[in-house]
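So, here's a batch of structures to check.
Look for subunit A in each of the two complexes below; its partner is subunit B in the first and subunit C in the second.
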Partner chain A sequence: MTNGTPLNGLGMEFFIDHSRCIGCRACMQACEECDTHRGVSMIHLEEIMRADSVQTAPQVCMHCEDPICAQVCPADAIKKTADGVVQSSLKPRCIGCSNCVLACPFGVPKYKAEINQMMKCDMCYDRTSIGKRPMCATVCPSGALTFTTRENIERTRQGVAIREWQFGDEVVRTKVNVLVPRSVHRIDVTVEQIGRTKTDEYDVATLLAGD
Partner chain B sequence: MADNEKDGCVACKKKSRWREDFPVEWESDNYITRREMVKFLALGSLTIAGANFVLAGLPHLAKAAQLPRTRIGLASSLPVGGSKLFAYPTEEDPCILVRQANGDLVAYSQVCTHLSCAVVHNEEENALFCPCHHGYFTVAEGRPYAGPPTRPLPRIKLEQQGNEIFAIGVEVG
Partner chain C sequence: MAKPPIAIPELVAEFGPKLNRTPVTGWTTDVQADKLVKTHCCFCGQQCGIQLKVKDNRVIGFEPWEDFPFNQGRLCPKGVKRYMQDEHPDRLKAPMMRREGAGFVPVSWGEALDKVADEIRCIQQTYGNDAFALLGGASLTNEKAYLMGKFARVAVKTANIDYNGRLCMVSAAAASKKIFGIDRAANPWSDIPLAKAILVAGSNVAECAPITTHYLWQARENGAKLIVTDPRMTPIARNADLYIPVRPGGDIGVFNGMLHVMIERGWINRDFIAQHTTGWEQVEETVRKYTPEYAAKIAGVPASMIVKAAEIWGPAPTSFLLHARGIEHHTKGVQNCMAAINLVVATGRIGREGCGYGMITGQGNGQGGREQGQKCDQLPGGRDIENPEHRKYIASVWGVPEESIPHKGLSMIPIFEAIHAGKIKGLMAISSNPMVSLPNSAYIREALEKLEFFCQIDFFLSETARYADVVLAGSLMEEDEGTTTNVEGRVIHHQKAVDPPGDARVDWRIICDLAGRLGAGDKFGFASPREMFEELRVASKGGVSDYYGITWDRIDREMGVFWPCPSPEHPGTPRLYEGARFNHPDGKAHFQPVEWKPAAEETDSEYPIVLTTGRVVSHYLSGTQTRRIGALVDQYPQPLCEIHPLLATKLGIADGDFVRVESRRGSVTVRASVVKTIRPDTVFVPYHWPLDRAANNMTVRAIDPISNIPEYKICAVRVSKVPEPHDAIAELEVQAGGVR
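Here is the complex of A and B:
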């Protein structure tokens, strides 16, 4: 089964529209409500160029086609289900080594020292696998996080949904879509820090590093 | 990096054996091959069989452990139909020594195999009698023949040297 296969055969997919995010943190609150990890949000809200801008960006797991977090796991604790959802670490296996935390290009996995285990977004697998929307998508007031059909997105949004990223030489395909201007077909994250590309003012890594 | 080199690396990544053993996909991780299951069943059966042998052998090993040789008393002091209480192998294990009608000496643990009351010798019925629930054991063999007990009394092995009687071992069942 390919990564793009919709969950539960209902044609529903996850879409992130960063331009719509208003930084209300409702998604984080909703995520914390979930009984499977009560009190811990699996969503990170990134602040972009905090000194100059109010732009925020919610970061859920992108559910890569070839999940690097699972590839680097020495304890075989991260698994991808047939519908393309990369699950959180299996409790009996995770040894808390944080390899996945370092490897993930999106910075999604977080190591929880209090339970010595990595926890990450699993697209509310208990909900989405039975056709319900993820907690964050149910509460997002601006539609920055949406769980709907591709047709619906194409009909209602100006941008285009893509799920291909370029990190230096590495092309990463994800299950989760991001909405970008129509001219864009693949998001290039230039890896300026390691000298792979020349400095760019709008380099994603630079934007995130800026405080 | 050249394109063909990249492809070669991807291919070798997919081929490597450990990736087959530790797949990222949930289904492959949970998939159990017929060979694995047969191995599990065979090894599991062997382990259980081995454990049975060990458990069956343990009482024999325990028996092999040397029990003390304890003097009970003088044979001449016990008339026919008489009984004497003693403790063997430790002070905490009460036993009873009985001289049968034919003159032979027998000894048993005094602990009833039903609920551990002390059995006494009943001369009229020629039985070892447990007063708690009216259990009866034969004097000759220690087998239960009436009342709730189902297992025989452990027999104490005796040895007579001249006029003196010694307890030398315990025979269970």
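Here is the complex of A and C:
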């Protein structure tokens, strides 16, 4: 199956709008509550540079079309479902080698030493398979995480939903969409950007010196 | 003698706060809930719909409630983890009495209630009825808020009852009443996404009202421009079209400056003003001198920001103002709100789709808690306790002689001043934790220590309950039933999920039992909260906040009903002031001219930095509940002092250093968080923690002359780097006031 195949026949997809995120962590707190992995969050929130800005970014699994985590897994412990969800590692197979942790371009898989296993977001497969929306995208108070139809997103959001990323020479297509300005068609992630982002615009002292 | 019976660390060891980290059934997929109870979160005034999972009379988890229209399943971390306050190891399960040197020992309800009634009688016989005071709370249901007001006037017969909404909504309330004659957000939140200009004045929406964020972002998707004023760049300010980093206390500069520019550019609705308002001339006269340059000096921001704000707000076809504690927690809190609301009235953009304003309630029942008569100057239905007609009507509902109803009493801060002055000798409090929530903590502690008798109704032993002679084990929201009124004025129904544990009792039964012991049992024969609501409906009938047409059945059927709702056939009133009909006798809105004035305590060479206080997203108010939930404490474990790198460098402070923040009244020692997202002349410390971590150790006991709200948002401090503290309090767990 290809990306975007309707989950449960409802045409629902996952959308992230980073500009909406308020860093409240309701997503992580709710993720902990899910029936299959209760008490452990499978997603995380990045504080971009707290000293400079309050910007935050929620990180769920992007569910790559051709998941690198699964490719590099020597134990074949990471499976993709027919509808495109990349599942957490299979307990009997995972050997805790952390290849996936190192390989994922989004930093999603986490090695849990206490159980010697990698665990990650499976888009609440237990919920979506019975017609419920994923926990994080249900509770998110800002709409930064949304689980809805593409049609609904196009009707209610100014940005455009894309799911194609460029990491150096590598193009990665994901099941999860991100909302970006209409001029953007692919997110180009280059290593050079790190540390060079201009953050003065968020410095209150700079703003006060405005006139 | 109301001092803690044993040392604080010993009390903490026994009563917490300890952290609840796992559901009572453990983290397992095996347990199926018996039922899902559709109810509401108790952790802020938005009152989001939520479903609690219940098994064997225990709350074991939650499930989003996507059908409830206000939040459609959305929750903040407090809502997600709220169920962890249930089945908690710290839960009080029996009434207790203080034993010097031994702590608090369980007693029977008979003994505890007899003791409280005896003490009330004894103090009143010796010192007069008003020597016993009551404190209610805005986290109480409407039914309980109503009951507290009636209990004070009919059973205890004291004038001195007030509530902790005094620390929350009273400036907003007074401003709205002065201008429009009604104290309520003018619009349902569904109007926000329809507005083309939005001004958020002094509200950290992302952390204090997270669900409102979605409404703001939806407005922006629809093309709205968002203006945010705040001394800190909060998460919503980051993405605002215009962020104005206003100086604490400089808000009137922004508002009057905007109005000045709007007049100059002709962005005033003069037809509306002529037909539907009074007092415009004085406002126009007042703002004449508030040129952008003059206003900018007051606001402490570049003049261009004020002009730009006017350019966004002035010509917009529709607009929405949201204000909160950032402009309200001031000795000029009412003035700040009125100056902001003048911007709404001057454009005539109110009472129609996408046009209006709201004040963001902080406490769970921040709206309803201020209507049912637990304020010192108020009778049910938002009635005036000094108005002879109002007194007569309520006397008839209660079946008491009008002259038996006490007159206006003292508000919350003056109650504590009267305790210091020896005029108030006894106190009973519910839903309130003044040791953390009131300004100048040392002064509050001394007051509690002076009391001859202090009784607290509580579900956990709060920092204030430690000073009690008798602690009565009451109920959590989900252990009882009742209504609250959300931020929009929507009356909603909290369903009971479980019974109170052990020997704990529902709050209203405790109060009714006490009323019986005080000889007023015939007026408190309620068999259920529903019966109280039925009496409340009648008591509110014809008042400003008229609930008469609202029934619990209607609430359940209609997903809440907006007051005023004067008859059962009435649809309720989501949007006030339609057709520009305002609630003053002349039907007009009354402009209020506002002049800026300084704060009670401005900075000086000795204390050169402004301290402003507020909340973080994972904690609620004084933390009595959220400092007991592991996941919420992990998210923000201890208060941090936010300080700009320019100021930090000058003071030799690096990120993570311990700093002492000190005012003339007290200090805290906390870690520094060096961030560029705050004004360099201001530091911020959140207030949810007790003891040596209490931001209110520093704040000033100065109140707005109209609303009597304390000035939490401004006091003068100095900040210095100090070594890590290792005293007995510092060694406590962070949730109890320690450091990590």
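Going forward, the second predicted complex is superposed on the first by the 192 of 211 C-alpha atoms of A that agree within 3 Å, B and C clash if a C-alpha of one lies under 4 Å from a C-alpha of the other, contacts with A are read in each partner's own complex, and residues count from 1 in each chain.
Criterion: a contact is a pair of C-beta atoms (placed from the backbone, for glycine too) under 8 Å apart; a residue touches a chain by one contact, two chains touch by 3 or more.
Worth saying up front: this structure is predicted, and the values here are computed from it rather than measured.
A.B. asks: Would you sort A:Gln87 into first (subunit B), second (subunit C), both or neither based on which partner it touches?
C.D. replies: A:Gln87: touches subunit B, not subunit C.
A.B. asks: Name the contact category of A:Asp52: first (subunit B only), second (subunit C only), both, or neither.
C.D. replies: second
A.B. asks: Could you say whether A:Pro67 touches subunit B, subunit C, both of them, or neither, answering first, second, both or neither?
C.D. replies: First partner only.
A.B. asks: For A:Val139, using the defined touch cut-off, is the partner it touches subunit B, subunit C, both, or neither? Pick first, second, both or neither.
C.D. replies: second
A.B. asks: Is A:Ser98 touching anything from subunit B or subunit C once the two structures are fitted on A? First, second, both or neither.
C.D. replies: neither
A.B. asks: Hey, is it subunit B or subunit C that touches more of subunit A?
C.D. replies: C
A.B. asks: Considering only the touch criterion stated at the top, classify A:Asp76 as touching first (subunit B), second (subunit C), both, or neither.
C.D. replies: In the superposed model, A:Asp76 contacts subunit B only, not subunit C.
A.B. asks: Give one of first, second, both or neither to describe whether A:Arg157 is in contact with subunit B, with subunit C, with both, or with none.
C.D. replies: In the superposition, A:Arg157 touches subunit C alone.
A.B. asks: Now for A:Ala26: first (subunit B), second (subunit C), both, or neither, which partner does it touch?
C.D. replies: A:Ala26 contacts subunit C only, not subunit B.
A.B. asks: Enumerate the residues of subunit A that count as touching subunit B in its complex and touching subunit C in the other.
C.D. replies: Of subunit A, no residue contacts subunit B in one complex and subunit C in the other.
A.B. asks: Which residues of subunit B touch subunit A in their complex?
C.D. replies: 1, 6, 22, 24-27, 29
A.B. asks: Using the touch rule from the top, collect the residues of subunit A that touch subunit B in their complex.
C.D. replies: Within the complex, subunit A touches subunit B at residues 66-67, 70-71, 76, 78-82, 87, 169.
A.B. asks: Which bits of subunit A are touching subunit C when the two form their complex?
C.D. replies: 19-26, 28-30, 32-33, 35-36, 38-39, 50-56, 133, 135, 138-143, 156-158, 199, 202-205, 207-211
A.B. asks: Taking the touch rule as given, give the residues of subunit C at its contact with subunit A in the complex, in rising order.
C.D. replies: Those in contact with subunit A are residues 21-23, 27-29, 61-62, 64, 66, 71, 73-77, 79-81, 206-207, 210-211, 213-214, 217-218, 220-221, 232-239, 243, 245, 296, 300-305, 617-618, 631, 635, 644-646, 655, 673-680.
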